[in-house]
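Multiple structures are listed underneath, in structure tokens.
After this come two complexes, each holding chain A, first together with chain B and then together with chain C.
After this line comes the complex of A and B, so read on.
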């Protein structure tokens, strides 16, 4: 070792900034969560105000806790640990600052636009297109800053935490861009390029993997750094790290369709989604094992150290949620649980337990180190832990009970299975009311715990001088050894076996007879060869992997190939298949301009957050809502509105089920026609005039996207809207409901009355 | 500020990997067997499941399964279809057990349009002598079962089933007398809202 000894000062300023943002946005996001949970119990809490209504605040809650709370926490953890793991200061102070302020600006934009009803109408992808562009830009800034830092590292090998960070950066970029492809109709509005089943598939490929690569992999990376640090124990198993990392990033991507089980999604995708979700159990538990078993020899410290308490509980909740996930992905379990509170409970076990507790542990551990002052109160931190834990348990137990109860009631039949035992949806809703109240209490406790953290944070840093970490290193170029060329990366036994196994398996899965047979033979041969070679070659393969760890770019490329496979195989066939053929036996009638305008109101108000438009291929769904939904019936829906939760009933076939005046009275005051309903009132729809001027631009984009609208002038569009609206207003008038035909409610009613309208298609072809 | 790494506990002789990262060391323990079995088991399950449903097509598709189940339900309904006639519906309407059961169904399902007093709002009045789709018990039964889509009356047959519908009709009839006049009304004109 030659070279001069120098001292590096880490950029901990940006870490402190992100940490502070985590604390603040965490409080905001959880507060909104408690509010909307309370709104479900007391509809009056919607205050008959557009921007305080559940449908607009729920996206604010999800976006705030995912992207603002966990996002900032992730950046703090990644920047703190990466600098130390690679022994280099963050590459650029400017990029670090831009990353921080850019991300906060995005959050503020989101917090303003979402309550205003500016949304893309896709869950966790609601932000409008100008904000999408900013997110992409800032993510690139993050990526450049991170990889540039890696390029300047003084530590040649990449530690397992860094693997997880790399997979996060690469995969989120891919998912985010594909799911946000849209064509603007104005500065604030756009239509997604995908529609119907394609949009559903892309959405849940994104949605599921946002959970995977935004809420899981970066936090696992953080676990691999901060947990052994806090426990002062070695990581349990490097080998387990390797196996569970690669299996996790490969398998996760395939599991997205489990959000669409028993729907109109083609069966092969449902089967892939279910089986890969089951395969995900072991890789997820690999992370849990490595976390919990690292605590071996340190369990006694849990008694006194709140940080370790949080970590141990977080990892346990991670294990619980990742066992529950595969369980819920089994089609028959899903038939009961999907659209119910069980899913809400599952998600919150992950977010409150895993993400929230990891964040708390991270913050309590970092505070003394970043401000060079002991934590203000360990007792308060311990209290936070206990209040938080009780809060989660109440929340999750309430949601399990609620979801299973409602699922059983909705699916129950009577009279030899020929009719529903509880035909009135509201009976099932009002049965779970006590559990919904329990959820507010549990969430409130969790929030109270968070406020303890806020106070502790404030008291700790008040008057404390921020301090930046330093390290002494030898100023020298990294050892030139062990460069792995691209050929050496890809033409190595482990990589080749991987590619061949995936290739052969795909041939077997999708090929025609001969290709399929070749595929199964190839896959089995691969398997036998790999196992036969393990005893003699495992050392060499291990050596190759260690060499790979010295090479960031080849490593990143391999990660990209691992995550891209599942997406390509699922999405490309679905997107390429001709729309006209992808309809089963029915095809949707395109919306009239007024109906389309009404649909955009439906999306603006977030109706899809409580109402699905997807009657599953399940008897109870069919008995309750009508014939099961066909692919063709949503083929022109940009975006799709299949929904993911039924706080209210499904609306796929609600069109013409009730007279116009029913919807009029219902939107005015849901309880006037549905006693016991918890739906908000929508008085503004009756006073706001519909903005028809935007419709020509919207229809133009719809045509561009392939919706069969004939050419028509703006005037023709306005005339058609006017005529249809007047007809509805007249019908309402005869039923005793008086409203001007230009009001938003008229457009919304026109949309609701068209739901389920479709034409039969003679040529039946089921695409694979 | 980087804390100094602690040496491993002295009583352990498990081999540590040679390299440490910012003081973090790693063991290289064997993968637990039960964990490996879980992973391999899931892979085997995937292959078997895929073969069963997608290659050999032994397992039926969702649509096939549900169509079969619906056929069974249809058959059960046909086999158990009650004979509904005016006389028996009138008889039921005088039986408190039927009427009470009917009231329960009515008050959860029908009141949103016909009101609790049955005097009508969105949907027509059911206690006067005016009937749009026929006022004989079997006609009422048919209207409830099949609905009148053009006027916004949903078909309740598949949702409520014949038993509950008979009870609800009995409840409506309990407000009427056998032999009272039945007048035909063209359309329902709702009263002005309160």
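After this line comes the complex of A and C, so read on.
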């Protein structure tokens, strides 16, 4: 032990900044949430204004609470705890600042573009491509800052919280990039490279794992650091926390297809998603119990300490939500619950209960420490807890009731399952109205609680001098770290077996006869060899595993491969197979330029947030909406529009169901044709002229993506649009509705009328 | 629907293999973690408890 004692000052400034941003964006995101919940009750609250309409504000709400609220909270928690766990200041003040300001800039850009209707049309991945690039850049800044800090650490051992952070950084980078691959058509617009079922699979692989690796793993890391700190006792079982980590990393990534159950998605993928979702029960509950048991012996403090109250409740809600998730992944339960409010209730048990309460606990715990002043009012914080809890319970109970009612009514049949019991969609909507109102009240209470926090924050910080934590360490060369080189990681037996197994399985899957057989033999041989070697080699392999835990880089790479495997095995086969030449049964007819323009309006207005376009392989769905959707019927949809929620009816086969004038009247004022509807009005579609000039560029990109448009000149495109629009305007005129043919509504109607149009595919008896 | 993908009979093996492989790796790791020596687990569990040099003992007081 040479060297002298020096004092390190942590970079707590950036932690304070992120904390402040959390508080502000939390308030904004939740406020928008309460507004859109109210819009579903009172359509007038859409104010007949484009940028205030439900379909544009809903993405603002989800993006704000996920990326702005939880994002900022997680950065604050990660930066505070990591510096202390590794006994080093954040590597770069510049990168820390860039991370903070860059992230806030992204949020502001999102808050401007989403209400303007600039969107990619995929849930939680709505931001347009230039913002996507910024997100990737700032995420890299975060990663570099984080790993650089780890590289300079004075504590060789990596606490389990750090593992959770690492898995977050790596996995989110991968998911985000893959799900945002697109080709720009202009500075503000792009089409995703995937379409139809591929796009659906990639989207929910991303969407599900955004929940897993953005809303869960970083917050679990925060739990494993801050909960013991607040309870002043170490985590109940460190061993269990390690098991918790590995099981999430291995299992979560596979569960995405549970968002697509009973759809046209291939059966084996649905089963895979369901199986892995069920497996998640065990680790999630292990984690919850570990958290709750950490509080054993500290329960008496719960009465007075708001921080512990928030943590205890948050962990309980984590348990509730992770119990419900696997339940909802069971195919038969899902048949009832999917597309209903039950899913919304499930999400909010997680976000309000787990994320929101973890954030509140974190903030109340950090405030006194970062500003060196006691919390302004413990009583207010306790009040926040109770108001918030009542709010969540109201919200969740309302959505359960509403969702189950919806599911039961929409699926109910009579006459031996041949006739719908409630054929009118609006019967259901009007039955659940009281519950939708209760949701607004629950959400409003929760928001009120948050405002108490804002006030408490303000009063605590006002006039207080910020302090930065310090630590005294011996100034010595960093602990000799790299016992395990990069090469050592990869040329060790366990990793090699893993690679070989993946390689052989791929041959098995993708190969034809001979290669496929070789793949099976290889994979089996690989497994047998691995098992045979375990008894003699376990000592050496154990040492390899132990060393891995002290080395950030190899550890990170292994986590990466564990999560990559899950994605690849699900996505690659689908991508390879979904080609027009492989489609059986029915194939979509490509949109005309006018219909494509109408589709882009549909996406811009966020219609997909209330309407699905996927008739499931379930009798009630077929009775209500028509023959079930085939995979080939959305093969040219960039992005797919299967949707995830049916606030309104499915639209997959709405084309030709009504005359043009019905849609005209309906879009002008839904209640004129459907009394009691809560769909917004869209008056601007009747006054805005369609921007046809962008269509040649858009069609060019569509062709590039494989949609079979023949070569055409810009003029031909304009002419075809003009002709089709004039036809529709003329038809409307004969029905007594007057509109210029160049208005957006005409394009939208042309799109709605083409939904469900497809050609039969003549198959030469498929090989069996 | 897609010729290759819905050869349902063989795909069930695929699912079983995926399940067994993931479960095996996971169980191996879990087994190792659960056998972590007590002293080591304690050492790790106490990592969060190096307090800041300038931290007030009870900031709520």
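By definition in this document, the second predicted complex is superposed on the first by the 696 of 768 C-alpha atoms of A that agree within 3 Å, B and C clash if a C-alpha of one lies under 4 Å from a C-alpha of the other, contacts with A are read in each partner's own complex, and residues count from 1 in each chain.
Operating definition for what follows: a residue touches a chain if its C-beta (ideal position, glycine included) is under 8 Å from a C-beta of that chain, and two chains touch if they have at least 3 such contacts.
If you're wondering where the values come from, they're calculated on a predicted model, not measured in any experiment.
Judged by the touch definition given at the top, the superposed model places A:159 against both chain B and chain C. In the superposed pair of complexes, A:297 makes contact with chain B only, with no contact to chain C. Within the superposed three-chain model, A:419 lies in touch with chain B and out of touch with chain C [touch as defined at top]. Of the two partner chains placed by superposition, chain B and chain C are both touched by A:275.
In the superposed model, A:470 lies in contact with both chain B and chain C. Of the two partner chains, chain C is the only one that A:632 touches; chain B does not reach it. Using the contact criterion defined above for the overlaid structures, shared-chain residue A:585 touches chain C, although it does not reach chain B. Contacts of A:246 after superposition on the shared chain: chain C is touched, whereas chain B is not. Applying the stated contact rule after C-alpha superposition, one finds that A:374 touches chain C and leaves chain B untouched. In the superposition on chain A, chain A positions 81, 84-85, 87, 155, 157, 159-160, 225, 228-229, 234-235, 237-239, 243, 247, 267-268, 271, 275-276, 279, 369, 372, 467, 469-471, 509 are in contact with chain B in one complex as well as with chain C in the other. The part of chain A that touches chain C in the complex is made up of residues 7, 10, 81, 84-85, 87, 155, 157, 159-161, 225, 228-229, 234-235, 237-239, 242-243, 246-247, 250-251, 254, 264, 266-268, 271-272, 275-276, 279, 305, 368-369, 372, 374-375, 378, 467, 469-472, 498, 501, 505, 509, 523, 527, 542, 545, 569, 573-574, 577-578, 582-585, 630-632, 766-768. Across the interface of their complex, chain B is touched by residues 81, 84-85, 87, 155, 157, 159-160, 225, 228-229, 232, 234-241, 243, 247, 262, 267-268, 270-271, 274-276, 278-279, 281-283, 285-286, 289, 293, 297, 369, 372, 414-420, 423-424, 426-427, 467-471, 508-509, 516, 617-619, 622-624, 626, 628, 656-662, 665, 672-675, 734-737 of chain A. By the touch criterion given at the top, residues 1-8, 11-12, 14-15, 17-19, 21-26, 29-30, 32-34, 36, 41-50, 52-56, 59-61 of chain C touch chain A in their complex.
Residue ranges of chain B in contact with chain A, taken from their complex: 1-3, 5-6, 8-9, 12, 16-17, 19, 21-32, 35-36, 38-39, 42-43, 45-46, 49-50, 53-55, 61-63, 65-66, 69-70, 72-73, 76-77, 80, 108-109, 111-113, 122, 149, 151-152, 154, 158-161, 163-164, 189-193.
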